[in-house]
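Both of the next two complexes hold chain A, though its partner changes from chain B to chain C.
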Partner chain A sequence: MASRPVPKIMKQGKFAPWFYLAPALILMFFFIVYPMFNTIGLSFRDSNGEGSAATLCKEEQACWGVFENYRYALTGEIDKTSISAAWKSFWISSFGNTIKWIFLMVSGTVIIGLLFAKLVDGIKHEGLAKAILFMPMAISFVGAGVIWKFVYNYGTQRVQIGILNAIITALGGEPVSFLTATGLNTIALVVVGTWMWTGFCMTILSSSLKSVPEEILEAARVDGANEWHVFTRIIIPIIMPTIIVVITTMVINVLKQFDIVYVMTGGNFHTDVIANRMYTEMYINYNTGRGTAIAVILIMAVLPFIYINIKRFMAQEEMR
Partner chain B sequence: MKRDKINKFFSRIPKHIIILFVLVIWITPTLGLLITSLRPVQDINTSGWWMILKPRDDIASQQNLPKFTLNNYIDALVGYRGTRNYVSDCENGTAPLDMRCNAADILNPRGMIRALLNSLIVTIPATILPILFAAFAGYAFSWLDFKGRTLLFAILVGLQVVPLQMTMVPISRAYSTLGLNGTFLGVWLFHTGFGMPYAIYLMRNFLGSLPKDLFESAYLDGASHWTAFVQLAIPLAIPAIASLGIFQFLWVWNDLLVSLVFLGGTKPVITYQIANMVSSLGAGWHLLTAAAFLSMLLPIVVFFALQKYFVKGMLAGAVKG
Partner chain C sequence: MASVTFKHITKKFGDFTALDDLNIDIIDKEFLVLVGPSGCGKTTALRCLAGLEEVSDGEVLIGDKVVNDIPPKDRDIAMVFQSYALYPHMSVYDNMAFGLKLRHIPKDEIERRVEESAKTLGIEHLLKRKPRELSGGQRQRVAVGRAIVREPKVFLFDEPLSNLDAKLRVQTRAEISKLHHRLQTTFIYVTHDQTEAMTMASRIAVMNKGILQQLDTPQTLYDKPNNQFVAGFIGSPAMNFFPAKLKKEDSTLFADCGAFSVKIPDEKFSTYAPHAGKEVIFGIRPEDVHNPEYVPVGIHAAPVEAKVEVTELMGNEIFLYLVSGASYIARVDPRTRFTFGQHVQVMFNMDNFHIFDPSVDKENPIAIR
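Up next is the complex of A and B:
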């Protein structure tokens, strides 16, 4: 363990460090560590957190014993009449939608963020351009939800007051109900998330772009490489570690994404995601067992990233 | 030489067009919200906000209404839900029953003034407390020696990405036995506890990177750890405190889930109020757009004023739950 040694000369009382640490450690224990284990325990219990989850089993129905809440969480949304129906229903279930969110939003934010960072690098009003892209980060998901609900507004009358449908009808098309059309609606929600988070990716990637030594790029240009090759074959490999950090951060963010879905569709019309489903089970259906089981599934998905984070931290410490 | 310059000029055009195109996409939604919030309700539902510069041919123009109005904001602030607007209803004495047309309307539970006040009450302590405790812990992690220092910090790094949802249920159960549900104290504590790992991480990285000589010479001059902490570490950590403060402020101000679960309708904060309006109002765009813009005002001001610190804090590793 390579934490930096404290200067030997600084003497300290035996308990001094713990006085400094106590408030933080106590709070973290009661608000993070203890509830985590409690949540795991509750996920094996019934809807009030009292009896075992196994008591929820009914005769002649599939049952996983104490894992009954997990059976519900994992298979409750799946249409089991046939394999193709199951496959189809999976992709509009909260799990299928979360997978769609991860792929679409992470690739969207990282690709747009990276290209934009490269494009504005060194232009006259770079700071302003970046601030505009970044601004949505400052507002709430709820505010963004209202903004985009208005963009997607679907009017049945003569006039379309939502700008997207106004453009579509001006071009001679039929207005689209973006938030209720299954399949399209999840994409419409992902667009909102992408709009909000691209600035985050752009800022981090931009600062790592600027740290690439200019001499390397010059050398490649002298050797006859064009700008696109310089970008894809030299810059991207050099900043790859940062890109990976950004991707992992974004995956975690998307997994926890709750507000956009809650505000814009409430998880209806097959737009549910894991985080919103957990809220619905817990605070609308008041089913502690099912709600916590979904939360545990969520943390299982985050677990690899916790491991990656700690490993990266250890590697950084070695280098200090 | 001259031809080179011309070529260079043309090769730049597509780049600038792409940049401009992206920026327009990014700005348009917010611009639409802002313009709509300033239009009379009659206009909002009969023409798109982008038609604002065109002469009007509808009822609104016959009534000779102004093109822009602050009525939506006033209605949203006091929580007016009638069919006309607060100002004219009060003048004519036809206000709905829940409107008093005096200062008492400020406290209307459906109004944005009430929600903004609640948001401030939630946000200020929930920003100060984590910074305070994180400064203590960050100092211990960087300048004090104790057993298990690295291990404890590694655990903390891991805790940074624990999802909020994972801790919510047991805490709301505990809160209902302690009577903390629906209280500001409960929300302050929750935000403080949950904000701790990232706050300590940031403070420790900053304090730990200060020069060692500084602390050594302070000690040689007879300073205790407490003096070194108060007179040396804290003043030097102002930039880190600023980034942390902005982050925590925006996080708490913009949060919906925590206030939804722990405060709900008893003490509505802005995000809760707006989310509620979305579901109960349907097409009341004049109120929704004004309310949404009110909620964005403070974060946007903070963001543009302190952008530098915001970006710094983010680059120092912003993964939070």
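Up next is the complex of A and C:
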């Protein structure tokens, strides 16, 4: 239907829309826009937010001038003695760990979520099954961290209270220190995040699965497709827009991941991630310059994904 | 190419019986139309044949093979759905090639078959488009194209024309008939539209409430309906029915409808005489009610007094809404000049009337012949 011009008597004045938007805009300005610019400003200053960051430069050391805090944020964790040492140290730095988190947790939550969504689809007590799968989402991250600390507990040589190690020792194995073994510990933390967020992905993917018309699936079956073909060649391509939104949403979530690391390892044993490092610089070391520089880097990393999400969202709105 | 057999098929959804002991033998290369009102089980029957529903009891055969436990993909059938069910993310070419790719047919063979089918359907210029860029009629062709490239044994159509506008529907109807002649394959077609059934079918299966009412050629169904349901369902406008009593006076039989009484022709005396005295349903089609001025020669005409309620000029004919005790419709000669409220005499063609006996099944009286 072609949209007809709105009759003049029904048109609102120029100011009316701004009037209605004003409360939201004012709130957003004071709590989002102003702090953001302030953060960017602070990231070019010293630890107290007073002098320029350039004054932090030391003799006979690399210096990025006013970007000194960024130099620290980006290269501070890297072992610069050799290329291989740099490579190795990068993958246990907060940046390397965040990349690991993104790849492992996003693929984990989306793939397992999609699998669960397909498995529960149309079963007898679908609602109940989904509620159970969604339940970890209802627990606070701190609570989840505490629960999983028990699961991963290394115990003492005599008593074993961690269920995983209890199983391993019962089977005759040696107990494993899940949270201190470098490499393994980040994976152990990712498992906690995946456990929490899979239900969220499942819920969104499940509703998009239901929007695929049954007749199309039947047509594929009559056309000669088995259930695997129906899933991979028909269902997944049709719900791809939703899958992409879930992926970008999860990437944003994972980039901001802080609670689990903070509660379970505090970023020690090479498990640090960007958000936790920002917190550490800001509130443990009281170095506002370095903390805000990391915050700005985090915002820059999140922005492209937010852009993709908004673009997708607008495209979907247009299709309506 | 294959025959299809429904052998004592029963399909239940919980307590609801969708198909009740359905028996149909569909001959190889036949165009069989399953017709009936919505909820009559015709689509369920088709879905049982496609393997999209499991039968509760009985056997479905394609050729001489029982296919009850064979999944849809291995039944060698193709189906055109009411919504067309095109794959929205694939181009027209890929939609048509999908089934062939799954069967690992060589690429050049797929290309050849898709292009050939596209050409016969006049959609070769659309092959690169996505379904959402097509009109309803074009989508319908793609759905048919997707079925014919597979060269299956049996084609199934589930109300494929119901989403098209009236003009396109008539055109597509003829095209599907042509396609059947060209492909020489078994077609099974589901519709609720008796016109589609009459115009395309080699045989029609009329269904109601999960039960097969009559399976016959279109002409036989029209001329000799087995029961009142078939008589009322086939033909448009529908057959007129009057509650009546068969009365015998000396050696003459009358159908007494209360407001009027018509004489049963002597040739049919012996057929109906044994039922004399019974309460029956008298049925006559609208085209067998004539204006006395334009009665065809050589028919047994019986005069009936009627009051005109509405006249509808169709151009080539006039629909009269008449009342003679009960109200009914007549299709009369366009020269007729009856007016609203006029009391007139019309002529019933007593060579083509139907008598139904409600004594066995009150809901659906069976024809006396």
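Assume the second predicted complex is superposed on the first by the 292 of 320 C-alpha atoms of A that agree within 3 Å, B and C clash if a C-alpha of one lies under 4 Å from a C-alpha of the other, contacts with A are read in each partner's own complex, and residues count from 1 in each chain.
Basically, contacts are C-beta pairs under 8 Å (C-beta built on N, C-alpha and C of every residue); 3 or more make two chains touch, one makes a residue touch a chain.
Computed from a predicted structure; not experimentally measured.
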Q) Is the arrangement of chain B and chain C around the shared chain A a clash or a fit after superposition? A) fit
Q) Who does A:Glu59 touch here: chain B (first), chain C (second), both, or neither? A) neither
(Q) By the touch definition at the top of the document, which applies to A:Ala24: first (chain B), second (chain C), both, or neither? (A) first
Q: Could you tell me if A:Val222 is touching chain B, chain C, both of them or neither one (first, second, both, neither)?
A: second
Q: Tell me which partner A:Ile32 touches in the superposition: chain B (first), chain C (second), both or neither.
A: first
Q: Classify the contacts of A:Pro213 with the two partner chains as first (chain B alone), second (chain C alone), both, or neither.
A: second
Q) For A:Ile238, is the partner it touches chain B (first), chain C (second), both, or none of the two (neither)? A) second
Q) When the two structures are laid over each other on chain A, which of chain B and chain C touches more residues of chain A? A) B
Q: Using the touch definition from the top, say if A:Tyr283 reaches chain B (first), chain C (second), both or neither.
A: first
Q | Inter-centroid angle chain B-chain A-chain C after superposition on A [Cα, multiple of 10°] | A | 90
**Q.** chain B and chain C, minimum CA distance [Å, superposed model]
**A.** 5
Q: Indicate the residue numbers of chain A shared between its chain B interface and its chain C interface, in ascending order.
A: none
Q) What residues on chain B touch chain A, complex-wise? A) 15-16, 18-19, 22-23, 26-30, 32-33, 36, 44-50, 133-134, 136-137, 139-146, 149-151, 153-154, 156-171, 173, 189-190, 192-194, 196-197, 200, 208, 212, 215-216, 219-220, 225, 228-229, 250, 253-257, 260-261, 270-271, 274-275, 278-279, 285, 288-289, 291-293, 295-296, 299-300, 302-304, 307, 310-311, 314-315, 318-319, 321
Q | Interfacial residue positions of chain C with respect to chain A in the complex | A | 50-52, 71-73, 75, 77-79, 81-83, 85-90, 98-99, 102-103, 146, 150, 156
Q) Can you name the residues of chain A that touch chain B in the complex? A) 1-7, 9-12, 16-18, 20-21, 23-25, 27-28, 30-36, 38-39, 42, 49, 112, 116, 119-120, 123, 129, 131-133, 135-143, 145-151, 153, 159-163, 166, 195, 200, 203-204, 207, 249, 252, 255-256, 258-259, 262-264, 266, 275, 278-279, 282-283, 288, 291-292, 294-296, 298-299, 302, 305-307, 309-310, 313-314, 317
Q: Spell out the part of chain A that touches chain C in their complex, as residue ranges.
A: 213, 215-216, 218-226, 229, 233-234, 237-238, 240
